[in-house]
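Working notes, structure below.
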Amino acid sequence: MSFSLQRVSVRHHASDSLALHEIELSLAPGEQLALIGPSGAGKTTLLHTLALAHRPAAGRIDAFGCDPWAIGEGARHRLRARLFLAPQTPPLPPRQRVVTAVLAGRLPRWSLPRALASLLRPADPAAARDALARFNLQDKLWSRVDRLSGGERQRCSLARLLVSDAQALLVDEPLSALDPALAVQTLEVLQQEAAARGALLICSLHQVPLARERFGRIVGLRDGRIVFDARAADVSDDMIAALYRDARNDSPAPDAPPLPAAPVSRCF
Amino acid sequence: QQVLRVSAIPDEAPTELQRKFKPLGSYLEQKLGMKVEFMPVTDYAASVEGLVNNKLDLVWFGGFTFVQAKARSNGRVIPLVQREEDEKFKSVFISGDKAITRLEDLKGKTFSFGSESSTSGHLMPRHFLLGAGVNPDADLKRVAFSGAHDATVAAVAGGKVDAGVLNISVWEKLQAQGKTGSLRVFHTTPGYYDYNWTVRADMDPALRKKISDAFLALNPADPQGREILELQRATRFIPTRAENYDSIEKAARHAGLLK
Amino acid sequence: MKQAPVRLATLLLLAGLLLLVIASFASLPLQWQALLSADALRSATEFVAGFAPPETAPAFLDKTFVALLETLAMSALGTGLAAIAGLMLALPASGRLGRSLRAVTRILLNATRSVPELVWAAMLLIAAGLGPFAGTLALAVHTSGVLGRLFADALENTPPLPEASLRINGASALAAFLYATLPQISPQLLSYTLYRWENNIRAAAVLGVVGAGGLGQMLKYHLSLFQMQQAATVIIAMLLLVAAVDALSFALRRWMMH
Amino acid sequence: MPRAASSLPHSDPAWPGRIGAGVLLLVLLWPLLVWSEFRPWLLLDAQSLAATGRFVADFFPPAHSTDFLLLVAQAAWQTVAMATAGMTLALVGAIPLTLIATERLSISRLAGRMRWPARLLRQLVRWWLILLRSVPELVWALLFVRIAGLGPTAGVLAIALTYCGMLGKVYAEILESTDAHATQSLLRNGSGRLAALLYGALPEAASELVSYTVYRWECAIRGSVVMGFVGAGGLGQRMDESMKMLAGSEVSTMLIVFILLVAAADGVSKFLRARLA
Amino acid sequence: MSFSLQRVSVRHHASDSLALHEIELSLAPGEQLALIGPSGAGKTTLLHTLALAHRPAAGRIDAFGCDPWAIGEGARHRLRARLFLAPQTPPLPPRQRVVTAVLAGRLPRWSLPRALASLLRPADPAAARDALARFNLQDKLWSRVDRLSGGERQRCSLARLLVSDAQALLVDEPLSALDPALAVQTLEVLQQEAAARGALLICSLHQVPLARERFGRIVGLRDGRIVFDARAADVSDDMIAALYRDARNDSPAPDAPPLPAAPVSRCF
């Protein structure tokens, strides 16, 4: 069970420039990896590509031993059930109850009648409660999602991840709305869960210290290109500074020359 | 140039009415020396409201609609002329069902009148049904209003209803055209006064006289007159008076259609 | 600094619509001056005054009440059936089950609602016989087409993020719809359904023609006979029914949104 | 920190309500079925199937004599013109009423309840809208015949008033169904009601509004039966006649015209929705 | 021009417990203040209360010298134009263009015809561009907001603040979706802008180090109560730890007694 991208480029629907340029990435099963980079670098796009939500404009993806864009729609969709993407903005429809929103993580393995019945009467509220409890949110089990605070919403959407049984967890900025203490706790839960399942975990993060401290491997993304992909121990402060510095050509530093494509330092 | 606004109750399809009116219209234009404009409507009540409120000048009314117009204008409408046939107008009850031979047999059946405002398609048949001891509201299984005489025939022929009623002149026309199929008449009502051409009482008497003279002068002997009379299904036009319709008014009150 | 260009096609279409409006007004012999005359006001007040006082004889009220129940039953059942059918048709029509199915269902929906209730009534009359059942079915069929289209458009206009994220995680199309999009648009679906129900309550012509009785037939009857006071009672009954549905719609939406 | 198996959560607080609502619905459904004489098996009766078959067979081929087509073309234009004129007037009336009736745009509701004069005004507008749309078109038609005489004026006005009531209500509900966040944020920062609507709710609601408006225009075309009542002609009147006469081939020609008009309206709606973004 | 809350309590519509308990807060003109606290503490609720979006259940607000809940609706609404609230989730309607979304900040001072005209053709794209440029986002001026990355959306909603002319800037977690470098830059822009206007600036933040470093005054909120309100220099690591520790009663520590209301330490 492994995942790799070979020279994958991705273009957004309505855009004429590439959002990702010839990405090379190979992921071992059970690996835990942090994705960092400035705003607009393409972190979200990369995670979506891994979740098979964007069809690459070029390049090849190898997911669990097959090329998902060469097989049929049905087979690809079954493949998606083995992946879980937690988007950057919590994808919670207003007015839904927390319990339903969390249990939606079970949909890929539920039959339709089961899914329907669970809408009327939640099928497994205990599971939803347990998942929420790991984020200290069990009190909100029966609340409506639009009555949660920002951080509560974010944790609710992560609880959905816990009830799924995906083998690759792609989490987009899971900590953005959380306070520092909760951020550490939450990341711990995600990593424990991934380890317990033996699942691949990719988190995009803005908290660089946290990423360096808690992840074994760090991928730095900038302008749609991988700037570095290294063991955390090998990531230097300079690399981080270069990743974020002067991110846009017209930032305060005047007459900065166009940024040369930074060499990709691959460590394994 | 003055315009004479003319309309007719929609007891037949408005296209048919328009077709029938065309030669009459040009004849009137020629006789009155003014423009004549025909405005077909699909609702009886609209034609009554139009005349009463000075939006129409000359309207072809049924007996009952005339009575309604008279009531609604406090008697300020005048019937000018009618067809000779309208003195003894009749309705026919038709059915395709062999078991129905008398009015009493209609009890428990479905039945279609023409329009709610029609004399020969609703008022008088209801009056005679009541006379035969059949109360349409209570004794029939279900009552529909087809909206027009020819529509009633279509409804009965199409099997929508067990029986229906319509005026004899339309029935005869359809029979002549062979459109009645296996339907048959099982009851014909006694005669009563029906249709007329009506104007408002405040119309210039000279114009009123010119109009009625024009109708009365229609002669089956000359080609133009014959064409018009044939289309109107009339042998000739004769003068009429409001009192002729008193019996209709009485029937309407009796049947509860006029308060 | 470049301005985003306004598309020529859009301008052309808007100009075309404007032209249609102008041509419409120009080609119709509309007589506005009649509306402004003093006579118009007098005539209108006279007409409205004719409705007062509404008929209140107990026998007539009983009759009206029975007709009201009949209308309520036909319209509620017709709308309910249509809402179910409409939702099922809206799923393929909003492109959730593929492009080709979208096109096919859209055509089906267009055809169903292009045929007016009156024509459906006449057809179903032959199949189901004179009576409220034919009326109910006529309402149901036509309304399915209408609701199917309105629902489908509402589905297409909903923010896609929640459903997309479930789909990306491997949920089936229908399940993702039920869990993510339905809760977002349910107030809108409810509002369209209840609003069509109001419409169907007033669908007088249809139900009258098929002999289905109800308020529609009564109204036509009494208006034709210029029995304005009776007509007034019937109109008030309709108004109450519509207001009740409106209030229900308001209450349900408030309950859903807050 | 995996939690030990938690005690079972207290049960779903919404469940009794849902059961109650379900039972109530079933209880209400029964009399509805009885009153409407709901007997679907009648449809499968061989005799009615045959009769329906004959009727439908009558639709083919559609009537296509030149005279009739000319007549239909003329009626179709009349219908489109009246529908367009009626809709334009209805829009002119409905838009201001919508703005008053939309609760989402109330400034006083930003925090807590609306003030009573605002509530009263909103309630009055809602009643007025109900009145406009629940008075049957036939009654409006008769009223306007008295005022404007026979012809399209009365028909256009009847459409305009009824549709004003419908558009006002539905527009308000569409606006209220949008995500409140954007609008409220603008209102909270002190923008006016209308501006908040234009900048906050419109981008999301515009497609829905367009879609509904075009649909109503279609309805105006189909609903032109009422035009016939007042002598305004149009397809509705022709359809009514042909229907009454059970002239299937004529009906089918007109149905084809309806379908084409509706498809054209659909196309316009789709195009506008794609571009309004 | 000052702002103060006296024993203000706030309850959410659909909730039966108080979200804010007897808040005492007084704000001097031109002051810059960071609001910190665990998720669900009531930061968003407090900012909304200051923006006059919640009517307090009890207590008194004094805004610019008057009680906004004692005056008429119209006057209160004019008051709101002097406040600017940037919500936690960017309030951008999908399908709108960035330029329109930014210029919406001008609405309170635009006449209706002006607003209408600007919808057809943006009234002052240069101003929008300048505001975006301060956040390095000028390239996206004509894009649609739903085609922005998470961080770009957040900056777009902050650019709206720059084009407004409010005298009190209430900013709810402005940095949550931004990378570390951009977060510092962005905060700088906000503080410069507030200083240039002489406006009050209140930011709720999860980045505690940033808050301590860049703000003079820090308010710690927890469970709807102010735990401390102190000069940044006086905020100790212990206070921070206490603010975030054990945030929910049913967190791992078993049988924790209900949290006593922490004493409010007011420093000025």
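First chain written, first letter: the chains are A, B, C, D and E, and each begins at residue 1.
Here is the rule we go by: a contact is a pair of C-beta atoms (placed from the backbone, for glycine too) under 8 Å apart; a residue touches a chain by one contact, two chains touch by 3 or more.
Being a predicted model, the structure only gives us computed values, none of them experimental.
Counting only chains that touch, the fewest steps needed to get from chain A to chain C is 1. For this structure, the chains sharing the highest number of C-beta contacts are C-D.
As a whole-number value, the distance joining the C-alpha centres of chain C and chain E reads 45 Å. Centre to centre, using the average C-alpha position, chain B and chain C are separated by 36 Å. With centres taken as mean Cα positions, chain E sits 28 Å from chain A.
Each of residues 1, 51, 55, 138, 142, 146-149, 151, 179, 204, 225, 240, 246 in chain D touches at least two other chains.
Chain E has residues 14, 89, 94, 144 in contact with two or more other chains.
Chain contacts: chain B has residues 43, 45, 53, 146-147, 158-159 touching two or more partner chains.
Residue ranges of chain E in contact with chain D, taken from their complex: 48, 51-55, 73, 77-85, 87, 89, 91-96, 100-101, 104-105, 107-108, 110, 112, 115-116, 119, 144, 164, 166, 252. Chain C makes touch with chain D in their complex at residues 7, 9-10, 13, 17, 20-21, 23-25, 27-32, 34-35, 40, 43-44, 46-48, 69-70, 72-74, 76-77, 106, 110-111, 113-116, 118-119, 122-123, 126-129, 131-133, 135-137, 146, 149-150, 153-154, 156-157, 159, 185, 187-188, 191-192, 195, 198-199, 201-202, 204-205, 219-220, 223, 231, 235, 238-239, 241-243, 246, 249, 253, 257.
Every residue of chain B that touches chain D in the complex is listed here, in rising order: 5, 7, 13-15, 39-43, 45-46, 49-50, 53, 55-56, 146-148, 150-151, 154, 157-159.
Those residues of chain D whose C-beta lies close enough to touch chain B in the complex are 51, 55, 71, 138, 141-142, 145-151, 225, 228-231, 233, 237-238, 240-241, 244-246.
Contact residues of chain D toward chain A in the complex are 1-3, 5-6, 8-9, 11-15, 18, 179.
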